[in-house]
């Protein structure tokens, strides 16, 4: 009788489908994955130690480099942490601008993430190209306000670096005209497509309570059916004034994550429209960035978290009263969401493993720090 | 099932179970792609469209840069006065996260006091993370973010930018970011006038503007000529003192050039004496020159290499020219020692001027050297 | 071709050369032409694909080398020629070296039976269709050699996948052609094309029907279903998306080509694109009448042929030009469809691919053969074949009856199989009790 | 395919020479490949040489104008069977390298030679060597390779053989399927995360029910 034996394959560190420099030590039985060990650290940049020798403001550009896909959200989390620590009031208009940027970030992240996921399934980059087109438009907006497309070091303690430029709003309104068409198109490409259904339905199921046990967050958790969104669970900025729905999945497979991401883009667009409506009569302006160059927070520690597109991003800061953080800890969503990968891939095919990794939507810059 | 909360609700995504999937989804996908193919022969120019090509064919066509775009920091100087806005206040050096800014503040050569200007200003472009903090914190709006993004080079050392390479004129910056400059213009110019008042000599002038520096020197010379008595008594009258010490040096510059030019003709000491004689410095100077002429034979060989460089304008080309002249002069040193050393003799009228000459020589040599390895 | 050479040498020059020499010369010329055309055309197929798919992605595509990127493929060719040829030390040198040739040679053989225009076929084998697919199955050996010789896990897995895919998708391809062969009653490709003359399907021989060259099989339910099945199988044979699993870059880096570089890799590439072209060509020949089209038949009737030696050679040229134009238009149209599908879809998983081939396509093609038999019976047979009741019907009625019956049969079969297949596919998604029961038994 | 290329109804003499050459080449290839099959050390190489000889045999059939047989040879032997052989060799880790040669190999050689001669001698003896070459146009060779003939033969006079062969193949197919199913059932099913989770839940539920029943009993 034919005797089969298990085979060990190294997927990565240099492999087309591991996002960034990531390595999976896979044990396969035929085509079925029996064991998977994620190996990372290839992109370690000593982020937290560097942050402890920098002053508080100097860390802001470093947070851009955490999850380079959505720098604005990282800025938001860090700024919130320092403001909590020092006790800085943020003017209303600045809050609105922040929420605007963060929601734009959510849209561009999901557009890119869906595109990359479909690429992992083997599509020839069409969906990715469509997502990147919208992403480029949003990045143009970021560039016009913050001066950079990706590393937009835009948030400051108690506000933002620069007020919206004159041509920002008209361009944003144009963008919102195109947005529903784009999202519907993505849905038409992804939702009904039989091939994609075969590749995504019932693949990488993460049951509800296991998802909670793994403490995953973001679309992965919501895809598993837990309606947990920090914007709703503990509204931090002005999210308590904005209406938006929290989409959740029912099964917890790759398909649910796709659907949740598509719906979250819709909700972000909804939030942006409300912000545009409420922005003109918001009190206070953005702050002068030169005001708080070197903050000296009182002794103490603080943990601030936001809902980035990838999940809960938290900053834990300990201050010894000096102008530099005594301890600086990042709770990175990609890193925590990556922990169940090995278990999620078990029992599926090698091709599914790639798709599951893509559906978690990691950025190695954030995983390795 | 949807559970209502205060704002919005929780929606469970509908998986569209149980409907027959017989390829209609595939046809939908084909339809979408076809629409894009058909629409791709127009250009997608504005944000409200999702069809049409949105490629920007880079080298030929470029996207317009927003004013706020920040790539690499540069230093501004004022066009008409030629003065740099930077005062060497170390703010940017302190805030810079990767710590790539290195400043040397200018000192008054006479009094040795700090002067609101930077003699050297180094930014390591290769390590700069272009966060823009330096531009934000600069109280004199001297450091701004440039829009040039084609900086790739094979020579990494060439990315360590010195002051001469960082200098940009305000008109250049208003060209790329008019709005941002308009916000800060008034305050910046006021502060600039303030710091110009406290800048002696050519300190703080953009090194590339040779004619401005010459003009400045000439006007300083005129000022010195206006007060000869003050100069004669070498009492340290603050404003006049540098002027008085500078004028002979100014003249000797021309002299050295002339000398070096026709040194091989073995010029007689007679023309050499003449300018010294008609220099505003009084008889003391002539006597001094004679004494120097007597015992300068031994110092002749090293001296010429030093002298013309010291007297040349700080501008790099002139420095190289001076270096060449110096070489020629050194060749002629044996042939006609007298002619050369007279050129030297006139220069160091006193110790301070000599030190100043030495400093200038050092800067000029540095400039010449790095001009050399930049080309 | 021999006719032309014979014309030139013996008639116009008057040298009385023996016909075998003429035949030899003719075939040598044809072979030289084909071997010259195939790689060159493959180069431009790559450009065509890249430009088209770029358009689908709102991009422009390679447009720098030459006017509109015309010389981009040549630049790629130069690059691939000048690349270093790396052979792994653990590889089996000889097999590693021979494998690309074994993959390329069959695709070149397949040109031998490909008709380009009226009377423009290198070899009119009366088993052309069978020859075509028999030869195409040889390249599987080459893939196997490549995967095994480069002693690389990814390469071996890729080769296994490629071979399994090719072998199992040849079955639906041949079965779907069998339906067509039933209707025509011949395996000769030329005969197949001639059959598609006339105004609509299987009306070439009916008098008083003008020969517009529109009797394509695609217009009959049998032909349509066969076309769908065959084109899907062709995608799998040519390793195109969504069946490009052998070189699924997201799983096994480049499949059996992983350890190949330089011109050896280029040969694999060439074989793949030439095979794609050939599959598009055979699709257009079998289901879309090849060079058949309005006007060609009439022109060819006036031309010099063994049938009427006294014709105008001008008509030869005109018919040839028009026929080749029709043929190439259809072929490149199908290649565009391949590119289109590649631009739209993701990739299937290997087991899903096998399920699709064995559980969906093969039953469908079997049903199609049955309805082809019905078509033949209702349109062709009579009392002599034991189908007396159709004797009385007029040809139109018979044709309509055949059309209706086969349409109903194929449509019903398609819907039924689609439902069954969809249900069998997503059993893992809804974790049913029966699935879990058997799992409990396992655990 | 040489003969089809050059088939012409007249002028045969140069053709004969050509065909002789082609036949010689093909025969040399067949014999050489067959020799390599039995002599080469590496099993995979042996299989590849076998494929080469299959292919040459197909070409030989073509020179005999038996197109159908030739194509079927390529389709079945080169296309399918050799692939199966390769699969089998690759999937079963065969002990490569050492040559399996008994020390009575000469006996084996003798016996095989004897059998070969026994087959060949009668034909060599009873064969008349000078057949008059066909002169004038030969008839069209469709009859030689008629698909229709073969098809009709299958369903008319050879129907029994055809059916028997079909039944045999079907039985083989079923046997393969049975073996495969057995294999699959023996392979351990790797539980996915969700399956494992649901099973654990069920076990807990049953355990609780049992304990509840037990409590009710007391």
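So that you can tell them apart, the chains are marked A, B, C and D in the order they are listed, and the count of residues begins at 1 in each.
Note that in this section contacts are C-beta pairs under 8 Å (C-beta built on N, C-alpha and C of every residue); 3 or more make two chains touch, one makes a residue touch a chain.
Since this is a predicted model, take the numbers as computed values, not measurements.
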{"item": "Reference chain A; chain at largest CA-centroid distance", "value": "D"}
{"item": "Distance from chain C to chain B - Cα centre to Cα centre, in angstrom", "value": "69"}
{"item": "Centroid distance [mean C-alpha coordinates] between chain D and chain A, Å", "value": "56"}
{"item": "Whole-Å separation of chain centres (CA-atom averages), chain A against chain B", "value": "43"}
{"item": "Whole-Å gap between the CA centroids of chain C and chain D", "value": "25"}
{"item": "For chain A, residues contacting two or more additional chains", "value": "126, 130, 133, 189, 193-197, 201, 205, 251, 255"}
{"item": "Sites on chain D at which at least two other chains make contact", "value": "189, 191, 194-195, 198"}
{"item": "Residues within chain C bordering two or more other chains", "value": "56-59, 343-345, 422, 430-431"}
{"item": "Arrangement of touching chains [line / ring / star / complete / other]", "value": "other"}
{"item": "Chains touching one another, given as label pairs in label order", "value": "A-B, A-C, A-D, B-C, C-D"}
{"item": "Chain C-touching residues of chain D, taken from the complex the two chains share", "value": "1, 4-6, 8, 10-11, 14-15, 42, 44-45, 48, 51, 55, 67-68, 71-72, 74-75, 78-80, 82-83, 86-87, 90, 142, 145, 147, 188-189, 191, 194-195, 198-199, 202"}
{"item": "Chain C to chain D touching residues, read off their complex", "value": "18-21, 23-24, 27, 92, 95, 112, 123, 125-127, 130-131, 133-135, 137-138, 140-141, 144-145, 148, 156, 160, 163, 167, 170, 187, 431, 436, 439-440, 442-443"}
{"item": "Chain C-facing residues of chain B, complex", "value": "17, 20-23, 26, 29-30, 32-34, 36-37, 40-41, 44, 51-55, 57"}
{"item": "In the complex, chain B residues that touch chain A", "value": "3, 5, 7-13, 15-16, 21, 23-26, 28-29, 31-33, 36, 44, 46-50, 54, 63, 66-70, 95, 97, 129-133, 136-137, 139, 145"}
{"item": "Of chain A, residues touching chain D in the complex", "value": "1-2, 4, 29, 32-34, 205-207, 209-210, 252, 340, 343-344, 346-348"}
